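For reference, chains read A, B, C, D and E in written order, and residue numbers begin at 1 within each chain.
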C-alpha cells in the first residue's frame, strides 16, 4: 500500500476540479471522494493483513524522502492503527460532504476544490511522521475553512471566519514555537523532527515541561480545549453544511490526534506533569459545554456547543493517560467525527427546507420529512450515547479508562464527565423532540423528504456509526495496539 | 598665538557662524549667500590643513557648482525678496533639542575616546591622489561607479526637470 | 583581465544594457512596444548571466568581492527587475520616458550589485547612493501626478538625511580604524561607546533603506505616491539588496559588536513587526497597505538576521527570493488594475474573482505566500527565518514573531475574502491581461507554488554558504 | 436446549424491528402487524420450550438449578481484564423473565392488531414493539453487568419512542422526554455504580462479580475496607446501582415519569409500563441479590423502606386519580413497591430460606399477568369510549361483558382475593415481611387494603355506577381485542397455583412453602373490607365520595396532586439546572470567554487608530523621529555599556 | 589647548553637522532644506580630512572619501533640485507643507 496515493488522490482531484468546468466539478469531486473511500478501505484491509501475518512493527507502510535536510526535515510518512482509523473517518466525512453539497449553487468549482483541499490537508496530517510535515499539512487544512465560511457561509460570517482562522493559527503558532524550541534545545547531533527518532530518544524533562504544554495547547485549540473553544460555535454555525461537517468532523480531530501523537507520545513526562490540568480543563469543557448547549436556540449552535462538550471527552481520555482511556479518546474522535458530521448534514437538509435553524420555529417535521428526521434521531441518539451507536462505545471506554485511576481527583472528574450524559440527553431530546414532534409547523403538509444524494450521505455516515456501535471490537483491534505503544512510552518502558 | 592659529580660528568662526546664519535667516537669498561663505570657509580650512587638491575641488564643485545651482533654482522658484514664513516654536524647540542632544552626545563620546594625534606628516599631493585614483588596485572602481552615478543622475534630472513642450 | 570579466559579468551586462538603451535613445529611437520587448529580452539574458557560472574572487584589492552566493543574490535581484519589466508593461508601454526609466532602474540595479559584492566602505557608500538616487528620480516618473513628485521629494530628502548620518558614522569608523576595508576594520572595532555610536549611525542608514521602525516613515508615502513599478522595485529589489548588505555589515564588519547589535536587532524587529501590522490593519490604499505589510515582513527579515551565522544568510536569501515572487504577484495585479481601471483601493477589489479569475488567483497566491500559509513558499520563507532566529534560543522573541504572523494573517485574508466574495452591487470591470503581464504572473505563481515544496532550491542556497 | 434457539428468542423480535423498520412502509403495509405477531409467536414458543426444558429436565442438577452460559461473545475489551461480553445467562430468574416477557409481549402484539388498526404509522408501531421486546429479552438474559446496562438503555429509548408514538401531541412529547430523562438520570447512578463495582472486582461478569463480592477475599475486603463519606465502596456501588433500579422501577422519588408515560398507546402501557420494563429494576436487584443480601444488611433495609413507602404512597395517590390509566399506573408503582421491599426481606442468617426473594419474583410473575390484563381491559374500554376519564364511563358491564368479566378477575387478583394469582404471591410477601420486619408488614397490610379499595373503585366506576350514554358501539371488539383478555384471564386464575418456590429461590435450591391459613386471614379480610367500602361508595352514583373528599380536605387535595412531587422536580430542573447553571454558563461563554477574544481584536483596532498620527506626512517630522531614534538607541547603549555613567 | 588640532576640527565638524540637521528640521523651504543637507555633507568631509591628517596621514582613504562625497553631493543636489522644480510646477510652491497629501 503506497501512502503517497492517499495524499496524491485528493490533490489530483482538486486540480482536476479546477481544470474542469462548472458543470463537471461535482462529478469529479464525487469520483475523487469515492476513490478516497476505496483507498482508505484498501489501506485498512492491507493494514489488518499485515498485522494478521504478524507484522508487529508499530508503524507500517513507511516512506521517507529528503525534504529540507539542511533543517532536519524529512518527508516521512507511515501509518499505525490510529491513523488508519482517522483516515477512514476522513474518507467517510469527505464523501458525505461532497454528496450533501451536490446541489451547491454558488461557485461550485471553487467549493469542491477547497473541500478536496481540506481532505488533502487532513490525509497528509494523519499520515505524516515528521513533525514539520505534520505542521505543514495542519496549516494547509486551516485556510480553506476560512474561505469556506467567508464565501459560502451565512450569518455573521466574516467575524466567524476571522475568529476561526486566527484562533487556529494562533494555536499552530504555539506549536511552531514549541517545535523550534524542542529542535534547538537538543544537542546538534540529535536534532530532528522525525517522530520515530524522537520517540526513541528520551527528551530531558526540563525541555518537556515547557514544550509539552505549548504543543498540547496548540492542538487543544483545534480540539476546542476549554478557554480556547469560542471559535467553535461561531465557526460551525456560520459555515456552509459541508464546511461544518468537515470542521467538526475532521479538523477538530486533527487537534485530538496531534495532542495524542505529537504531545503525549513524544513528551510523556510532560504529559504526566500536566495531566491534572488537562483533566480539569477537559471536565470543565465537558460539563460547561453541555450546560451552555442547553441554552442554545439554533440547531447549529446546539451541535457546535455539544461538540465542545464531546471533544472534552477526547481530551479527558488523553489526560487520563491509561490505555483504555486513550483508546476511548480515539474512539470518541471517530465517533464524534461521524455523528457530528451526520448531525450537521441533517441540519443542512432541514434548513434547506424550512429556511430556519431556530428550534422554536420548527415542529412535527416527522410528518413531512420522515427520512431526514429519523436520521436526525439517529444522530441525536448517537450523541447522547445510546448503545448500539458509536457514541456509547466511545464514552463508556473513556469512563472505564478514567476510572482505572484510583485517586479521588480522577474519579471525581470521571463522575462529572458521566453527569454530562444526562445533560446531553436533556438538550438533545429538547431539540430533536421539538423539531420532530408536536404540532406541525411547516409551509405545507406534503412530504418533502431527502433527495438521493442526501440519502446516500446520511446512509454512509449512519453505516459508520452503526458499525462502530455494534461491533466496536473491530475498531478496538485496529486502534489499541497503536495506543499501547503510546501508553508503554508513558509508562516509561 | 601664531598667525596660522589665528587664521584657523578665523576660518572656523566664519564657517560656523555663516552656517548658523544660513539655517536661521528668513531671507532665502541671504541664507544661500551665507551657505556660500560657509563653504568658502571650509575650503579655507582645507587650505589651512594644506590639502590643496581637496580645497580646489571644494571651491570648484561647491562654490562654483552647487551653490550656483541652488541660487538658480531659487530664482526659478522664488519671487525675489519675499521672506520665508516664521517657524512654529514647537518645531524649533524640538529640532534645537535634537541638535543639542546630538552635539552633546557626539562630542562627549569623541572627546572621551581620546584620539591620539600622530606628529603631522606632509599631506598628499595632487599627483599621488591622481595616481591612486586611476590605479586598478586603488580607486579606479569607485571612480567608474561615480561616473555611472553621475550619468544616471543626469538622465534623471533631464527627464524630470525638462520643460515638457509636447505634452500629450 | 579575464578574471575581471568573469567576476563582474553581471555588472558589465547591466552597464551594456544601459548603454544600448542610451544609444537607442540618442539615435532615432524605436517604437515603445518593440523597445519594451527588446528590454525584456535583454533583462532575461541578464537574469541568466547573473545566475550562471559564478566563481569566487576578490579584485580591485577588496573593493569587489564575488562568490556563488553573491551571484545567486544578484540573480534574484535581476529576476525581480525582469519580472517588474514584465508585470508593469501596461504602465511602461505608453510611458514617453520608458528607456530612461530602464536606464535609471538598471543603474540602481548596478548599484545593488556592487552593494552585494562590495567589501569596502567607500564602495558601500557609493553603491548605496547609486542604488537610491536614481530611484528617487524614478519615483517622480508619473510626471503629472502630484503624489508622484511629493513621493520623490520625500524620498530624496529623507535618503539624503540618512546618507548624511551614515557618512558621519563612516567617518568615525575611519577615524577609529584608519581604513575603509572590512578586512582590516573589523579587528579594530570593540564594544565601546564611540564604536557603538559609529555602528548605530551606519546601521540607521540601512534600517532606513530597509524601512525598519523608527526609520520607516518615508516608506508608506513613497510607495503610495510613486509609480507601481518603482514601488515594486523599492520593496523587492532594494529591500533584498540592502538586507544582503546588512548581513555583510553585521557579520563581516561588526562581529565584535555582536552582543550589542543582537539586542538592537531584536528590539527593532519586534517594534517593526508591531508597527507594520498595526498600520497595515486599517489601510485601504492597496500600495500603502503593501508598504506597511512589507515593513512587517522586514521585521521577519530581522528575525532571520538575528540568528546563528550559517543559517542566517541562507534563510534571508531564500526569503528574499520567495518574497520577490509573492510581492511581485501582488504588485503586478496592482499595476494592471491601476493602469487599466485606475483602481487604487482595496475596497474596490470586491468581486475581482468574478471578472478576472486569473488576476484573483495570482493575487490570492501572492497574499497567501506573504501571509505565510502553506503550501505557498512564503510559509517556508518565514519558517526558515524563524528557525534561524530560534537557533539563538531566544524563544520569547520567536513567539512574538509568530503571533505577529497571526495578526498579519488577518489583513491578508481580508483582501482574499474581498476578492473572492461576490458582491451584489458594483464590481470590478473586465481587464485585459497583456502577454508579458500574463507571463510574469505565471512565473510568480509558479515560483510561489514550487519554490517552497521543491526543497532543492533552499538546499542549493544553503549549500552555497 | 441449544444455543441458537435461545439466541433466536431475542433475535426474532429484533428481526421484526429491522424488517418492519426498513421495509414496513413500502413492503408490508397493513400486514406489518401480522409479521410482528408471527415472529413474536415463534419467539414465545421457543421461550416456553426453553424454559420448561430448563426447569423440568436440564436445569436441575443435584438439587440445585445451575447457571449456564450457553453463549458468550467478547464485545469490547478494556485494558485490565474488563471485558464487555454479549452473553446469555440461563438461570431460573432469567427463564421466568423470558417467559413473562415473551408472553405479555405476544398478548400485546395480538391486542394491538385491532387496537392500533388504521394508525398511520402502524408498521413503525410494530417495529418499536419488536425493538422493545428484543431489548427487554436481552436485558433479562444478560450475563454481564455492562451488557445489562446496554439493554437497559435500549429499553429506555424504546419506551421513549413508544410513549411518544402519537408524536403530534405535545403532551406525548413531554411525557416521553420526561420518562427518558428521569430514567437517564437514574442510570447515571447505575453507570457510576458499575464503574465502581467493576473496578473493585476487576470483572464485569455477573457470576464472577457476585462470587468476588460474596466470598471473603481481598476484593471484598478492599471493597468494604475503603470507605468514602463513611460508607464502604461496596455499599456506595450497590446504592448507585439501586438508584438505576429505582429509576426504571419508578421507586419514590423517581416515580414521577411513570404516570405521565400513560400518554403512550394503552397496549404499550400494558407491556412496558406495567408488566416488563418497570420491573427491570426489581430484576436487577434480584440479579445482584446475593451481593445485596451479603453486604451486611445495612443497605437492604434502605431498599425495603423505600419499597414499602413507595407502595403505600402510590396506593394513596391511586385512590384519588380519575384517569383510569393513571390509577393503574399508580397501582403499578405500588405493586412494584411490594416486590422491592419483598427483596429487602433478608433473613438474619443468610443460610436460611430467603422467602422474600421467591415471593418478590412470584409477585413479579403474577403481577405481570393480571396487570397486563387490567391495562388491556382498560385499553378495550378506552377504545370503546374514546376517553380515559372515569366520568365518561359507567355501566359498561352490559355493553362489554367479556371485558367486564376479565377486568373483575384481575381486580380480584390484585386485591389478593383467593384463589386468584395475586393472593398467593402477596401472601408470601406479607409472610416474609412478618418474619423479618413487622412495621413493614403493617404498612404492607394497609397498602393491600387500599389496593383493594382503589381497584374496585376503578372497577365499579367503569362498569357499574350510573349509565353513561352517548357511545353507540354495537360490538365490544373483535377477536384480536378479546382473545388476549381471555388468555390473560385464564392466566390470572391459574398463575397462582404455580409451585413457584420449586422454581425460583435465592440459592437456586427448590424448597417447600405451605399456605398458613391462619396468617392469611388478616390480608384477605383487609382486602374484602376495601372491596366493600368501594362498592358502598361507587357501585351506585352517590355523593359520598365528594363529601368524603371534602372532609379529608387538604390531604385529599395533596394526594390528588400526587403530593406535588412533580412540582418539586420541575422546580429543581427549571430553577437550578436551567436558571442557576445553564443560563450563567451560556452567558459566561458569550460574554467573558468569548469577550476576551473579541477584546483582543477590538483592542488592536483601537491601538492602530490611536497611533496613526505618527505617520503625519511631514518629511521633517520623519527626520526628527529618525534622529531621536538614533539618539535614544545610542544613549541606551551608553547607560547599558558604560559603567562609569 | 589653544593650538588648533584634531579636536578643534572635529568640534567644527560636529557643530556644522548638527547645524545642518537643525536646518533640515526647521526650514520650510525645500531648497533651504537641501542647503542644510549640503552643510551636513561638508561637516562629514571636514571629519574625514581631519582624521586623515591627524590620525592616519599615511593612508589616502579620508581624502578620497571626501572627493567622492563631494561628487555624490553634487549628483544628489542636482536630482533633488530637479525634483523640487518639478514639484514646484505641480504644486506651484516649494514649501514642504504643500506636500503633505499622503499621510496616516
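We take it that contacts are C-beta pairs under 8 Å (C-beta built on N, C-alpha and C of every residue); 3 or more make two chains touch, one makes a residue touch a chain.
It should be emphasised that the depicted structure is a prediction, and the values quoted were computed from it without experimental measurement.
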Chain grouping by contact, computed as though chain A were missing: one piece
Common touching chains of chain C and chain A: D
Neighbouring chains shared between chain B and chain E, ordered by label: C, D
Of B-D and A-D, pair with higher C-beta contact tally: A-D
Chain closest to the middle [Cα centroid of all protein chains]: A
Inter-centroid spacing, chain E versus chain D (mean Cα positions, whole Å): 97
Centre distance in Å when chain A and chain B are each reduced to the mean of their C-alpha atoms: 71
Distance from the mean Cα position of chain C to that of chain B, given in whole angstrom: 32
Length of the line joining the C-alpha centres of chain C and chain E, rounded to whole Å: 27
Sites on chain E at which at least two other chains make contact: 17, 20-21, 24-26, 33-34, 51, 55, 64, 68, 72, 75-76, 79, 82-84, 86, 96, 99-103
Junction residues of chain D - those touching two or more other chains: 612, 615, 617, 619-620, 623-624, 627-628, 634, 638
Set of chain C residues in contact with two or more other chains: 122, 126, 129, 133, 136-137, 140, 143, 152-154, 157, 161, 165, 168, 172, 175, 192-193, 197, 220-221
Chains grouped in pairs wherever the two touch, ordered by label: A-C, A-D, B-C, B-D, B-E, C-D, C-E, D-E
Parts of chain E lying in touch with chain B, wherever the complex brings them together: 2-12, 14-23, 25-29, 31-32, 34-36, 38-39, 42, 45-46, 49-51, 53-55, 57-58, 60, 63-64, 66-68, 70-79, 81-86, 88, 94-95
In the complex, chain B residues that touch chain D: 91, 94-95, 98, 101-102, 105, 109
Touching residues on chain E, where the partner in the complex is chain D: 21, 24-26, 33, 96-97, 99-104
Chain C-facing residues of chain A, complex: 66-71, 73, 106-107, 110, 132, 136-137, 139-140, 142-143, 146-147, 150-151, 158, 161-162, 165-166, 169-170, 173-174, 176-177, 180-181, 183-185
Touch list for chain D against partner chain B, complex: 620, 624, 627-628, 631, 634-635, 638
